[in-house]
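In what follows, subunit A forms one complex with subunit B and a second complex with subunit C.
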Partner chain A sequence: MKKKINWAPAFFVGPHIILFAIFILLPTIYGIYASFTKWNLMNEPVWVGLDNYKTILFNQDSTFHTQFFNGMKNTFIFVGISVPLLIIIPLMIAVALEHKQVKMKNLIQSIIYIPGLISISAAALIWLLIFNKQLGITGNLFGSDVAWPATQPYAWIIIFVITVWGGVGGNMIIYRASISGVSQDLYESAELDGAGPVRRFASITLPSIRFPLIYTFVMTTGGAFNVFGQPLMMTDGGPRQSTHVLMMYIRQLAFGNGESIAGMASAMAVLLGLVILVISALQYYVMNRNAA
Partner chain B sequence: MSNPLVNQIDQPLKRNTRGKKKPSDNSVSKYAAYTFLILLCLIWIIPVVFGISTSFRSQTEVVSSGFRLLPKDWTIDNYIATLTNTSTAPILRWLWNSLFIATTHTLLVVVIISLTGYGYSRMKFKGRDTLFFTLLGISFFPGVVNLIPSYKIIDAFGWVNTAWAMIIPGLAGMGNIFLVRQFMNGLPKDLDESARVDGASDFRIYLSIIVPLVKPILIVCALFSFTGSWNDFLWPVIVYTDVEKMPVTAGLLLLQDIYGNYRMIGQLMGSAILAIIPTLLLFLFAQKYFVQSINLNSGIKG
Partner chain C sequence: MRGLTSLLLAVVLITVLSGCGGNDKNTIVFWTPLTGDDGAYMDQLVKDYNATNPEIKVKHVITSDMYTKNSTVLNSGKGVPDLSIIHADRVPGYVKQGALEDMTNVMAAEPELKQENYLPQAWSTGTIDGTQYTVPLDIHSVVMYYNKDLLKKYDAESFLDDDVVTIDEMLSLQGKLDDGDFVVNDALLGWVILSQIQNLGGDIQEDGKPAVNTPVMKKAFEEVKRIADAGLMTPYGEDGYLMFQSGNVLFSTDGTWSSTAHAGVEGLNFGVTNVYSPTKDKFTNRSSSHLFAMLKNDERTDEKEAGIAKFLEFIRENSLEWAKAGQNVASKQVNESPEYQEYMQSFFTSNEKEIESLYIYTYEYYAYVAEAVDTYALELARGNVDIDETLKTMQKFVEDKIAEGTGGQ
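After this line comes the complex of A and B, so read on.
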C-alpha cells in the first residue's frame, strides 16, 4: 500500500525554506566561491584559486595586505575593549537594579534601554555635537579644545562612548530577567551563613546566570566583529586610518567608488567570518567547560 | 544544539520571595546602588535632552558661546526648515520609506515565524528536527560572507533602490523562529492533540489555538523586528543610491555632508530627533511587553 504524502508541513515551513535558500544559503555558498575569483560584480567571476588569499595574507607590497591587517587590527581593538564593557556594565546595572530597596526599577531600566532604540546614524549626530569643540558640551563645559574625531586616542574614546551608551540596554535586560529568576532562598541562607554581598554575587548570582552570560558574551563578540556604523559615522576611519575597521574596507572594495573588487572583498569577508566562527566556538568550548 | 538562554525557560519556575525586609539590607549598599543608577541615568539621558534642545534653538543661539542645557528662546524654525527642504534632504520621504519598510517587514516576519514555528514545533513529519537544526547551524555562519552576493541577488531581482531590498531578505533569519519554536514546545501536547482528534485541520489549530497562546513572544519578535529594520544601517548604505528611495538611517549619513561641519546644526538635530520618534513611541507604547515578555520566568504562560 502506498503511503499518502502529507503536504501540510510544506505549507507551514516551505515558504521559509525557500527564503532561507535564496537569501542565506545561496549567498553564503556564492560568497565562499567568489573569494576564489576575480570579480567586479558586473562580469562573471573568473576563478583564480587562492590568489586573493595569498595577496591578502602574504604579499607585503600590496595595499590589500596592509589595509586588511590594519582593518583587522582595528576591529580587534574594538572587540577587545567594547565587549568587556558591554558585559560588565550591564551586569553591574542589573545587580544594582535587583537591590531590594531600589525603587522605580522599570523607569531606570527604560532610561538606560532607550539609547538602544536610536539608530547609529541619529545617535552619531547627537554625540558628534556633544564632542564638538565649539558647540558641544566637552568644549563649553570642560574647556577642552580637542578635536575628538580627528585626534587619537579620543577618536577611539568617542566610538566606545557611543557603543556603550547604545549597547548596554539589551544585555542589561537579559541579565536582569535572569537574576530575578534566581531563588531568593539561596541568598537568604547564604546571608544566614554570613556571606557578604561580594561573596553572594560570586557564589550564587554568577553561577546561576552562566548560560545567559555565555550567550550574551558570544553574541556581543560576534556583533562587535561586524562593527561598521560607529567608526563610519563618528570618525570615518580616521585619524590616519586608525579607526578604519575591516567591514568599512570590505564595503569600500565591493561597493565603493571606482572599480569593484568584489572577489578580493569576499576573500576578506571569508577570513573575517572564519575569525568570528573560531572565536565563537572557543568561547562556547571554554565557558561551557568551566561551567560544568 | 540548543540555546542556553532559552533553555532556562524550560527550567521549573522558581518563585521569588520579595518584599520581606531583611535586617542586613544596610543603607550603605542601597545608597551605593542608587548613586550608581542615578548617575548612569543622567549620563544616558543628557545626550538625548541636549539633542532635542538644540533642535529648538535658533542658529544664532547655537553658535553664541556658553553652554545651556535648555534653549533660551524656543523656536520650531529648524523643524519647518527641515521638513520643507525637500530638494536636497527629503526627510519626510525618508521617514515614510522607513515606516513602510519596517511595518511591512514586521507584519511578514510575524506571519513567517508563527507558521514556521508551528511547523517545527507542533507538526510531526520525517526529518523535522534534522531539518530545523541543519538550517540553524548554517545560519550561524557569519553573515559578512553573504553580504556581497546578497546584493547581487537583490540586483538580479531588480530590487536595488526599492523597499523590497530591505523587506524580504531579513525574513530568512532563524533567530526569531528559534524563539517561537522554543516557546511553542513549552505548550502542553494534549492542547492540539484533542482538537486534531476532533478533526480540526492544522491551519485551524494553528490559527485558533496556538497563535493566541504565543502572542507575547510574537509581539516581542515584532518589536525587535521593527526597531531592527528601522535602525539598520550597513545594508541600506549598500543598496540605496537613489536619495528619494532610501530609509532615514541612510539619509542621515547624507545629511552629515549636506549640513556639513555643523553649519546648520539645528536642522541636523531636528532630523536626528525626527528619526528617533517612531521607535521611541513604539517602545513607550509597548513597554510592558519589552520588559515583561523578555522576563525569562514569566513569559511562558502568556
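After this line comes the complex of A and C, so read on.
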C-alpha cells in the first residue's frame, strides 16, 4: 500500500524557506561572491580575487584599511559595553518583577518594553533634545555644560543610554517568562535550608534559565556587532570618528554619497560576519560547557 | 504543491515588478528621491498634470535609496523607470557609464524645452559634450537665513546692505553678544566650505584629478575656523539649526528648502541672504539641481518619449507649486512671474549676480570630494584635528575611492 505523504509541514515551512532563500541565502552567497570583485553596482563585477581582503587587512596606506580597523575597534567598544548592560539590566529587572511585593507588574513591564517599539530615528531625536546643552534638560535643568554628542566619553554614554533604554525590554520579557516557569518548590526548599536571595539566584534561577541566557547572549552580541542607527543618529560617528562603527563604513561604501564601492563593502561585511560567527560559536561553546 | 508554490512566487514577483517598472505603455513611471515634504508637492504637480487628461498619464513613485535601485534596475535591465529625477552631480558619472538616454527626441517633441527657457546653470549641468541629457526642475542651494530681531538688537542690520555678509563683519560682534547667543550655526557646513572654495577662487579638481589637499581648501577651512575660534559659532555637537529656530542665532547656513520649516516657527522673524564670504568681492551659494532624466531603457517607446515631453512642458509652465517646497524653480517662465516673487527664495533669482552665485559643481567625482569634506568639516572648523594631516587624509580618501569605484575600471 502506498504511504500517504503528509504535506502539512511543507505548507507551513515552505513559504519561510522560499523567503529565506530569496531574501537571505541568495544575497549572502552573492555578497560573498561580490567581495572578490571590483564592483560599483552599475557595471558587471570584475573578479579581483583576494585583492579587497588584502587591501582591507594589510595595506596600511589605504583608507579602507584605516576605516575598517577604526570601525572594528569602535564596534568592539560598543559590543563590550552594551552587551553586558543588555543582559544584566533586564535580568535584574526580571528578577525584581518576580518578587511578590511588586505591584502592577504588567504595567511596569509594558513601560519598560514600549521604548523598544519606537523607531531609532524618533528615539534619537528625543534623546538628542534631552541632551542638548542649550535647549535640553541636561543643560537647563542640571546646568550641564557638556556638548554630549561632540565630547568623549559622553558621546559613547548617550549611545549606550539610548541602546539600553530601547533594548532592555525584549530580553526582560524572555527572562521573565523563563523565571516564572521555575518551580516555587525549589525556592521554598532552599529558603528552608537557609539559602539567602543571592544564593537562591545563583543556584536556582541562573541554572534554570541557562538556555534563554545563552540565546539572549548570542543574539544580543550578534545584534550589537551590527549596530548602526544609534551612532549614526546620535553622533554621526564623531567626535573624531571615535563612534564611527563598522556598519556605518560599510553602508557608506555600498550606498553612500559617492558611487557605490560594493566589492570592498562586501569584503568588509564578510569579515564582520566571520567575526560574529566566531564569537557566537565561542560564546555558545563556553556557556554550554560551563553550564553542563 | 510545487505548482502552487511556483504560482505564488510568480504572483508575488509580477506584482512587485509591475509596481516598479515601466512596462505599461499607457503610463509613464516616474521615480524621484523626494522622500521629504517636497514629495507631496511633486505629487500635486503630477496630479495636476494627470487632470489635464493626457494620452499617457504619469505615475509618481517616491523611491528611497533611489540611486541604489537605479543601479540594480540598470544592471538587470528590468523595471527601469521611464523618467527619473536625479541630482546634478550624478550626470557626468551616469553619462560616462552610458546610463542616460539623451533628451534629443523629447526636446524635438516640445520645442520650448530649450536652454533659453531655464536658469543657465541648471540647464548646463545636463550638457555633456554638446548633448543634452537632462531637463532641469530646480536649483537648490545652501543659503543664509538671518534673524531680523537679533540683527536689530546687535545693530548688525548694515551687514546686509551689500548682500555680502563678510567674516570680518561677523567677527566685529565678538564680545558683544549675550550669553547663549551666537552669530552663526554650523548647519550644512560642508556645503559652506564648498562655497568658500569658489569665493577664494579655487576648485575641487585640477585637470580632472581631485584637488582636496590644496592651499585654497586650507584657506577655506581657516576662514570659517576664525568664526569658531572667536566663540561666535554655535557649540560643536549642538543642534545649530534648532538654536536658530529658537531665536539664539543671528545667521543660519542652511538649504533654501528650510524656509518652509522656519516659517512654521511662531515668532521667528527671519529673512534670507547669501552665505557669508571671506571677501566683499564674491559670494557663492553652493548649489545642486534636481534634473529630469531618462535612464537607458530600450523598451521606452517614441510615444512615451512624446508623453514625457508633454509632462516636462507642463512642468515648465506650471511649476509654481514647486516653489512651495522652497526651491528655486529652473523654468524662467515661472521664476520671472510675479507670483513667484512672493516666495523667499526668489531673492536668489532676482538679478544676474544672484543667479551667478548659485554654483553647481559638476566634477565627475564631486560626490567623493563632498563626502570627504562633510566627514571632516566640523572637526576641522573647530580645530579638533590638525589641518595639514587631515587634508592629506581627505585627499587619500577621495583618491582611494576613485581608484576602487568607476574611476578604477
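Here is the rule we use: the second predicted complex is superposed on the first by the 274 of 292 C-alpha atoms of A that agree within 3 Å, B and C clash if a C-alpha of one lies under 4 Å from a C-alpha of the other, contacts with A are read in each partner's own complex, and residues count from 1 in each chain.
Following the convention adopted for this analysis, contacts are C-beta pairs under 8 Å (C-beta built on N, C-alpha and C of every residue); 3 or more make two chains touch, one makes a residue touch a chain.
Quick caveat: nothing in here was measured; it's all calculated off a predicted structure.
With both structures placed on the common chain, the touch criterion links A:157 to neither subunit B nor subunit C.
In the superposition on chain A, the chain among subunit B and subunit C reaching more residues of subunit A is B.
By the document's definition of touching, of the two partners only subunit B reaches A:23; subunit C does not. Of the two partner chains placed by superposition, subunit B and subunit C are both touched by A:132.
Contacts of A:279 after superposition: neither subunit B nor subunit C is touched. With both structures placed on the common chain, the touch criterion links A:85 to neither subunit B nor subunit C.
Shared-chain residue A:266: touches subunit B; no touch with subunit C. Touch criterion met: A:114 reaches subunit B, while subunit C stays clear of it.
By the touch criterion stated above, A:148 is placed in contact with subunit C alone, subunit B being left untouched.
Looking at the shared chain after the overlay, A:195 reaches neither subunit B nor subunit C. In the superposition on chain A, the residues of subunit A contacting both subunit B and subunit C are 11, 15, 41, 128-129, 132, 134-135, 254-255. Within the complex formed with subunit A, the residues of subunit C that make contact are 1, 5, 8-9, 65, 67-68, 71-72, 74-75, 93, 97, 99, 180, 234-239, 242-243, 246, 248, 365, 367-368, 370-371, 374-375, 378-379, 384-385, 393, 396-397, 400-401, 404-406, 408-409.
For subunit A in complex with subunit C, the touching residues are 7, 10-11, 14-15, 18, 38, 40-44, 46, 61-64, 128-129, 132-135, 147-151, 155, 237-240, 252, 254-261, 263-264. The residues of subunit A lying in touch with subunit B in their complex are 6, 8-9, 11-13, 15-17, 19-20, 22-28, 30-32, 34, 41, 92-93, 96-97, 99-102, 106, 108-115, 117-123, 125-130, 132, 134-135, 137, 140-141, 165, 173-174, 177-178, 180-185, 188, 191, 197, 211-212, 214-216, 222, 225-226, 228-229, 232-233, 247, 250-251, 254-255, 262, 265-266, 269-270, 272-273, 276-277, 280. Here subunit B touches subunit A in the complex through residues 3-5, 7-8, 14-18, 21-22, 24-25, 29-30, 32-34, 36-37, 40-41, 43-48, 50-51, 54, 62-63, 65-67, 112, 115-116, 118-120, 123, 125, 128, 131, 135, 138-153, 168-169, 171-174, 177, 201-203, 206, 227, 230-234, 237-238, 248-250, 252-253, 255-256, 262, 265, 268-269, 271-273, 275-276, 279-280, 283, 287, 290-291, 294-297, going by the rule given at the top.
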